[in-house]
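Heads up, the thing below is written out as structure tokens.
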């Protein structure tokens, strides 16, 4: 691997980013054909945040947050910082001071496949983080990694500039070349849900609304009146 | 396994359900002789909910929520939907739309040995869910399972109509034939705790209140004044 | 192992305890040279609490909370109770009644390498607990352990009287003989952070504030303009 | 739960048991419609064993193997002992002496949702065990459970007399009422595999043998010559 | 994601593949600068195999092995099949029949971020597999994925044609563009180890052979004669 | 923590070490009152080894094996090297070269709460290792730890010179001050087992041999003839 920092990256279309952030992770993930979801161990450090932005990526050594400091300079307003590690790690590579620095540059949040600390302070300053662990374990600044190269974060390959969408349901990555099309599909799904919700609220069954009765029968589902008839 | 839906199930006594829901999981579990507790990975998606109700059960294929749609029609006011899977799974098999449909039928909550999504919306509509994971991963509707057959959910066998009690401490299952007796014992335990709480608040030691000093001495517990006397 | 209760223990310096509690886990851990942190599976049962105090220690059998009752009597105002087990266990060995008893003696909180129950009631009475699990599983009172002997709790050896610091970032143990020196270093780190925070808020980069550019260059970090230059 | 020992149980058809044991777990599981498989954490303590037999069941308290001693007396030649626990546990509840006793009664092996010890001796005496863990942790004999009641073991409900099939691929449970039909289907699958194996060995592709090309095309699979055509 | 099969891929240099396979995973991984190692949960289903080959990649849906059948046709003699999933899965997606088919085409082995079954038969036919789990759970053939697109497998991004090296220590991925250089470095490391081994066997200390005494002293390591001097 | 190497340690009585090694882990653990067992994730890298020896201890930083090289010099014939880490780690901190060096000094084996690599070579040279993981991940030599200070390894506090017993059942630690007494008790248990084994082989039930029938009846165990009598 090259220990390198790439200065100029192409960021995903900003309108698409806006749309994807508004519909949230579940809808964006469905619209992209159910790909790109990070592993479910990635959890927000506090509930309620919902963000989207192009990724600035960091490949870090476990227990070493040197490259996070390097990455700050490469971030622009609206970006989301994404950190992958070369080996499994839960150390607290990120805390209040780095968040203060990212906040000063307009960064929306952090996605880190490792640990995070100062979680109370981060919630007070409303800087959202999705991480694998919460840990006070401090880190060294000793070994190089890279910034703005492709990284695997929580099971998903992230290219610099890809759209990151994150909320209470998790984190999804939409490649920048697919952002516009996915955003359109996501918006359509989102709009369609309103009608469905109203029908279901009124007591219409999904069985009828989705016309499932016939395919269920064809697949062989059998109704019986009582347990002893099974 | 039969791919079947059982329409008529016997539900546990409703007074017993009410009592067990009021005393909560820890007391109900103790009253039932410390059996029936689901594994501790079953966690509420938001804190504070406490429910009880007879189980409508679903046996689902991993990553496939078809049978949840089927199950909605079998639910009555006050029921709790319980979903077991044929293999380990964390996909988000349940979300806002299904919750809207269950809410319209008066269902109190969901227990699912798999994933849940739309957790923010579910909290806003106050529809409580206890799940193994939070995941935006969408599911297909392709393979049959069964409704209202016995299912193993998070390590416990659940028969349709059994009492499900769920709160911040977890989920316990009381078989319907044991519900009335367990509810009585639970109420008694609950009532007894008030007196104990008051004694302990006043500074009485559990050692004395529970008369433990003698059995401890008999078991061989030794008191020494200083570490070097050990 | 001796099944023994040690009555008189030496507690860490109370001023040091106060300082370490005020700066919190991350800073205390750094000040102690990044040692003494419990495993990250130790989580608060509700967010926001921050405590410090000398440890009263319990070595318990899995699924048996008899020794917790014995330990209550050995606690003084300001202490933190620390429970280790002889084997992995997630049972709910601690709940509202024991908390009531500890509260009556002025104990600040509990650290338990096992499960906890009654979490809603504990939050309402604001008695903080850091545990490995939340579980309603009740426990027996059948086998002896020990009180105020050294115990391993979540990967760290704790001697009676050592300082326990716990907050949303986790739990750290500072040996009592190191408490005063660590508290001084921790206070200094804490004071230094204010200045750094202000600089970072104003947009100064950590790269410059920490003078990292030269060591990064020496280590071989290379900047390129575009992805194709990598 | 009742603390009871049931003396007379109905065992699954012995011919069916023989067939299922001969075809092994994967084929038996497929023949039963892909149900009944225990969780994958159940692993043989040494490779190579393959057994089948009717279940004698034990519900045990964690860390307590009293009921295993009780269960020995209920075992007959050809049985498989199945142990479920009332809470997660990895203690070594079973070892060489109990195996000697079971061997004397002709029991074929043990399935235990907890730990096992003396694994070297067990391999030397060729007494196969499938367990959740290997652990030297000893257990007490203090609390009652039950023998020959339904138990949940590694996620599957086991009724006394059900067929247990176990080999290097894991453990599957076939209810006794389904044993004969499942054995027939399993034998047929097994016989069919020989022909398939020969075709595949000769270089015929599964794509052709299973006639997958058309359904794949219908489902939308597209072939391109080069990566840049994607 | 595109549901596509790429027919022509560029495979890594075959001499480099040979060298990397001969030195094994640990040396290849060191030679590549300690990158590219799959997560440690990837284990061989039986000990002793050591392989290397260019990757043919499969992106599969969890619990669905349809694309594995498709991939067989794209494999050449010497290849290694690599399977990533769109969500965490442990189902037994691969067994004896697929292995027979791959063996007929000269494929060296399988790397699968999911489950494997028929492990006894696979060992008997000496077809090595590195997997996340062993599971008899059967799979469907219902949903498309892709063949010969980049996939994330056990935390590492794999491009078609990249070198896969696998042995008892795990699995490492060397990108095809880095294969020749890495193979040269790996061979050199391998050759150097012989001399070191001989020195160490003769009793020379690593402290002296690696000239560590001075840097250790500079770093502040202190020697004391007795525990009480610490 | 002090970054220090202690040169002179007191080793446990060598006769006791011999006895404990001969009886193995399960018996030693029972003889010590069921304390001192390391967590069950500590597994031998190959089956069949059984060792005992006084501990030389290492406290290492995660991903850094510098102190292992330092520790070699402190080892004597018959010792067992024990490595604890300051944070969870699975990197391959130990391999063939270090084993060669330890072998040259007569060290019997390694216990490491982290990863191990070169497992095939280690088995060929018959140098046994009990570790948390197998991983090819290489390590740096950058940060000091300590040698021959107390370390927590896999949940147990180990003092230099304590007896380590390890076999296929796991690893147990007997403090050196308790070694002689524990060895005597262990020998007695071991001798007693022969007689029990013979009785059980002859078909005597444990129920009778251990005289359990009366206490079981007193505890309330009930025998019924048929399932419907429960």
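Here the chain labels run A, B, C, D, E and F in written order, and each chain numbers its own residues starting at 1.
By definition in this document, a residue touches a chain if its C-beta (ideal position, glycine included) is under 8 Å from a C-beta of that chain, and two chains touch if they have at least 3 such contacts.
Note that this is a predicted model, so its numbers are computed, not measured.
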Tell me which chains count as touching both chain C and chain D. B, F
Determine the set of chains touching chain C that also touch chain E. A, B, D, F
Which chain has its C-alpha centre farthest away from the C-alpha centre of chain D? C
Centroid-based (C-alpha) most distant chain relative to chain B: E
Centre distance in Å when chain B and chain E are each reduced to the mean of their C-alpha atoms: 42
How many angstrom lie between the CA centroids of chain B and chain F, rounded to a whole number? 39
Please compute the C-alpha centroid of chain B, do the same for chain C, then give the distance between them in whole Å. 30
Residues of chain C whose C-beta touches two or more other chains: 34, 37, 40, 87-88, 90, 137, 143
So how do the chains connect up here, line, ring, star, complete, or something else (other)? other
Which pairs of chains touch each other? A-B, A-C, A-E, A-F, B-C, B-D, B-E, C-D, C-F, D-E, D-F, E-F
Show me the residue ranges of chain E that touch chain F in the complex, using the header's touch definition. 25-26, 29-30, 34, 37, 40, 43, 47-48, 50, 167-170, 172, 193, 196-197, 200-203, 205-207, 210, 212, 216, 219-227, 229-230
So in the complex, which bits of chain A are touching chain F? 62-63, 87-88, 90-91, 137, 140, 142-143
Quick one: in the complex, what on chain D touches chain F? 2-9, 46, 66, 69-70, 72-73, 90, 92, 95-98, 100-101, 103-105, 115, 117-120, 123, 133-138, 141, 143-144, 148-149, 160
In the complex with chain D, residue positions of chain B that touch it: 1, 32-37, 39-40, 86-88, 150, 152, 155-157
